[in-house]
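Before I ask anything, let me first share the structure, which is written out below as structure tokens.
A, B, C, D and E are the chain letters, set down in written order, and residue numbers restart from 1 in every chain.
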Amino acid sequence: MTDKSPVSVADTQTLTSLGKAFRSTLSRDLLIAFKRRNDILNPVMFFLIVVSLFPLGVSPDPQQLSVIAAGVIWVSALLASMLSLDNLFRADYEDGSLEQLLLSPQPLYFMVLAKNISHWLVSGLPVVLLSPVLAYMLYLPSEAYGTLFISLLIGTPVLSLFGSIGVALTVGLGSRGLILAVIVLPLTTPVLIVGAKAVADVSFGLPVGTHFAILGAMLALALTIAPLASAAALKISVN
Amino acid sequence: MTDKSPVSVADTQTLTSLGKAFRSTLSRDLLIAFKRRNDILNPVMFFLIVVSLFPLGVSPDPQQLSVIAAGVIWVSALLASMLSLDNLFRADYEDGSLEQLLLSPQPLYFMVLAKNISHWLVSGLPVVLLSPVLAYMLYLPSEAYGTLFISLLIGTPVLSLFGSIGVALTVGLGSRGLILAVIVLPLTTPVLIVGAKAVADVSFGLPVGTHFAILGAMLALALTIAPLASAAALKISVN
Amino acid sequence: MWLWFSKLGSPRWFYELSGKWLPWLYAAMVVFMAVGLTWALLFVPADYQQGETIRIMYVHVPVASISLACFPLMAVAGTITLVWRMKLADMVAKCVAPIGAWFSGLALLSGAIWGEPIWGVWWTWDARLTSMLIQFFLFIGVIALRSAIESQDAAAKACAILAIVGAINVPIIKYSVEWWNTLHQPASRISMDPMAPNPPEIWVPLLIMIAGVYLFFIITLLLRTRNEILVRERRSKWVQDLVRKG
Amino acid sequence: MTIGSNPEALLEGRNLYCERDERVLFEQLSFSVQGGQLLQVKGSNGSGKTTLLRILCGLNDSFEGELYFQGQLIEEQRDQYLASLLYIGHRSGVSRILSPRENLRWSGALHYPIADADIDDALAEVGLRGYEDVPCHNLSAGQQQRVSLARLLIGRAVLWILDEPFTTLDVHAVAQLEVRLAHHVKNGGAVLVTTHHDLKVDCRHDVLDLDASRVRSSV
Amino acid sequence: MTIGSNPEALLEGRNLYCERDERVLFEQLSFSVQGGQLLQVKGSNGSGKTTLLRILCGLNDSFEGELYFQGQLIEEQRDQYLASLLYIGHRSGVSRILSPRENLRWSGALHYPIADADIDDALAEVGLRGYEDVPCHNLSAGQQQRVSLARLLIGRAVLWILDEPFTTLDVHAVAQLEVRLAHHVKNGGAVLVTTHHDLKVDCRHDVLDLDASRVRSSV
């Protein structure tokens, strides 16, 4: 038995610093994602598959596809990011790690934020990076590539953040999958509208500065309230 | 302690009959679905929400919507049926009921079939029933309603059956959600193609008898092999 | 003030007080509804453009405007639940959700019925209709969440959070949807704003109907809440006394 | 107790070999269990008890060696074997959404037709009277385990394979289960059980120690 | 042992009341635990032990009554309290995808900075030498529990709250954990523990019996 000096009531000075705890949580979640590998591959694959269902289901006509391209890509990105969210807290809830997180003396806002960032890095970012390829496959006018990319880059974190509220609310439920989508999808329609509209507008040669500004404002709002709401929801879910 | 006659090696004559075991499994699954309520509501709501995302993402223009209507409805039905599948074996796996099912002396083909039927009744059928409303909202030409309805009625059970193979294969995995979609969506594209094409053709006034015949053949095939494949996959998953 | 607040939080007090109010509310509703409906159905002149269908307005507008009030109400109740842990607030929140969903659904339905003769379609992706549809989805989300969570306490808080987040979102959704559609098809839309050019014989009965339907809403809400109180407090002494009495 | 071939044995394993993650769990393991006998599988954590029991049930097939039921290879008569088997594992097999009664109704009906009155009797006996209709996720850990164990009372299987059935049970329930096991064995049944606690049963009780990989008789 | 107000107590509950599903689990329950004391919470299945422990940790807030940490209300000093607390529940808090070492690295780092060498020492002590890098889902039930218990060795919390920590442990590990608990108590720590087995610790050991809803001293 490793011998230790007698225990005493905690000296909060020696606690792990917030920065260190934040990095530790972030890197733990990234490590889990890399070990599972599927976490990284699946959202992209899902995105790719769903987008390619449209030429099959709608019509392979370039003319028609180019009209719906922006909308289809945005809807698919929305779905991919929504459905990959199930991984955000579920495993932690089931194995009890979530309880440990809630009982740690670290501020929950930042711990949840760390988990959100890690989740976006492994599931949102790859989708953003792949989007130009899909845009090409759906004959999106090439002027719009940049706008699509940037709008997804700003928009997908908002989706993740809002989504995480929904996951936190439903993580304790036996049934899963769709209830998350039913709760979260309506909340995220503004992101979809603004994002898809930016791409559509730029194809018509209209300016898109305002669109980006609105998306940015949404991101700021989401960063402020979503981790707080998620943290509160997590406390309720483990109850 | 209830006193019983000394136990002896099983007399297979007195076993529960297949029909009774089938009904018992079917009604158990329906009971669970009704108790959770969400199992029934969520696939329909998801279907409804996803379909309404397209006007938001693509354009509210009736002209454009009517062109993509059939494809969008079919893709959304495919996604709804895919994502509701997570409920099919997951809870049973986690609480150990699946082991009990595998260890029962009943033929697994029929037990899996019972679970499939119950799943389709609560998640596939409501989607089919709602489809005309959505077809209206997306301005599908009204000649095509009947075809859409029938093609979904034959097609969604095929989706459930094929999907259940995917669930059975992945039920033991920690990460979930998207991997299922990634495995199953490619398997089910033929159904999507034929179904959507039937609707598109009827809008152009073409005959659709062959399409229905193909869908029917797919259903027959799925009924024959899917429960067997699922049963085999379940045995692997609990290993 | 504080005393009043905590007293209001007592389900029993609320039950008894609302019991006293209810007859008056009933009476007022019957009066308003009777006057409003007769006036609207029999005496309002048919519109020169819309014909008799203008009468649907007397259902549609009140129902739609109430459904818009439900989400903020639910969010306020949710905030009270979270901050002061007042049980009564959650009972109200729980009862508002289905009413909100119903009224949203009715607004959609009455709008659709009206739209058919006026626009020639049951449904169009107009900004207002779309945002109403999304609001309907939001209500369904809250209801689904409530029914999915077993523990009453957890369900109360979870739904409160969702209601608050949703309420922050409702204006954003409304704004974005309007912005989205007005640019896409500015011309083909039919004005939904007939108030301005219309004479008093059209909008006075409308105001009466609005008041009547509001009363109906309040009564429904009270009845549901009272029912919820009885269910949740069924083991308390005063409820059992009540049951024993009759 | 005879080791090796034994035509009288209910369940017999011969020359079993299993490795996991390149660690040999057991090799040349042979054992048998007959009606009227309780065989306790012992071993330290990670010695392979759970793995062995799952192999015996057919839930795990990554092993080598032969398994016999009543002197015949199990794979040749799987249905007959399953009809005589009752397994309770680490996972309780209790749906958390259904009530205890509904759970037993289904898991009972998979094997033998069963009357509702019998189910209620069984639940009362495991101390769940009054909880028949509560959804199982509202039960405590030990109560859920009791639901699972109620299956021992309604089933008619001759061979019980139980993996740590005593976890989370309170002292009273532990004693009751021990009595129940002895009762089954005395009636001619056979029990294979793992547990880390000090099992006290009033019947023939042998031990298979996986740490030693051989069978010792303790009674 | 003093019941009621006690400024010296590390953790104290006063007049606790909790009901679930309209069944009162405990009412007017008061207890306290100080440094140098082990308090075992006893009770039959479903008596509310888990519920009580989760209330004490702040994981469950549907109760009435007051909780004090060092004489002050816990809600007024939650951070200080959490920094002094270590909880291990029915759910082990061990990620099944990560290895034991990675698990401990994270759960340790949430509280206090910790060196990798200490982690390996702790794992060796709970008998997991050689398993440091195996993903936890490849460990047996008892081995996973050991990973979770290794946190007792690396943490610096003064108050341990343990819910059935002995489940699935083998005899050797049980004895070792008992020694560890006594060691912590003798060093001035406090332990609150539930278990159905017959706890043998060499330190001050009191019992809170939920079936009787009052505290008896057993040593």
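Just a few scattered comments:
The rule is short, and it goes like this: contacts are C-beta pairs under 8 Å (C-beta built on N, C-alpha and C of every residue); 3 or more make two chains touch, one makes a residue touch a chain.
A quick map from chain label to UniProt name: A, B = Heme exporter protein B; C = Heme exporter protein C; D, E = Cytochrome c biogenesis ATP-binding export protein CcmA.
Because the structure is predicted, anything quoted here is derived from the model rather than measured.
Interface comparison, B-D versus C-D: the higher number of contacting C-beta pairs is recorded for B-D.
Most remote from chain D, judged by the distance between CA-atom centroids, is C. Chain centres here are Cα averages; for chain A (Heme exporter protein B) and chain D they lie 45 Å apart.
Between the Cα centres of chain A (Heme exporter protein B) and chain B (Heme exporter protein B) there is a gap of 27 Å. Put simply, the C-alpha centre of chain C (Heme exporter protein C) and that of chain D have 57 angstrom between them.
Note on chain placement: the centre of chain A (Heme exporter protein B) and the centre of chain E lie 35 Å apart, centres being C-alpha means.
Chain contacts: chain C (Heme exporter protein C) has residues 134, 137, 140, 144, 148, 151, 153, 177, 180 touching two or more partner chains.
Among the residues of chain B (Heme exporter protein B), those in touch with two or more other chains are 36, 38, 41-42, 45, 49, 56, 59, 91, 174. For chain E, the set of residues touching two or more other chains reads 62, 90, 96-97.
By the touch criterion stated above, chain A (Heme exporter protein B) contacts chain B (Heme exporter protein B) in their complex at residues 36, 38-39, 41-43, 45-46, 49-50, 53-54, 56-59, 64, 67-68, 70-72, 74-75, 78-80, 83-84, 86-87, 90-91, 174-179, 181-182, 185-186, 189, 192-193, 196, 200. Residues 150 of chain C (Heme exporter protein C) are the ones that touch chain D when the two sit in their complex.
Across the interface of their complex, chain A (Heme exporter protein B) is touched by residues 10, 57-62, 70, 79-80, 82-85, 87, 89-98, 102, 105-107, 109-113, 118, 121-122, 125, 135, 153, 156-158, 179-180, 183-184, 187-189 of chain E. Contact residues of chain C (Heme exporter protein C) toward chain A (Heme exporter protein B) in the complex are 82, 134, 137-138, 140-141, 144-145, 148-149, 151, 153-154, 157-158, 161-162, 164-166, 168-169, 172-173, 175-177, 179-180, 183. On the chain B (Heme exporter protein B) side of its complex with chain D, the touching residues are 1-2, 4-10, 12, 14-16, 20-21, 24-25, 28, 31-32, 35-36, 91-92, 94-97, 99-106, 238-239.
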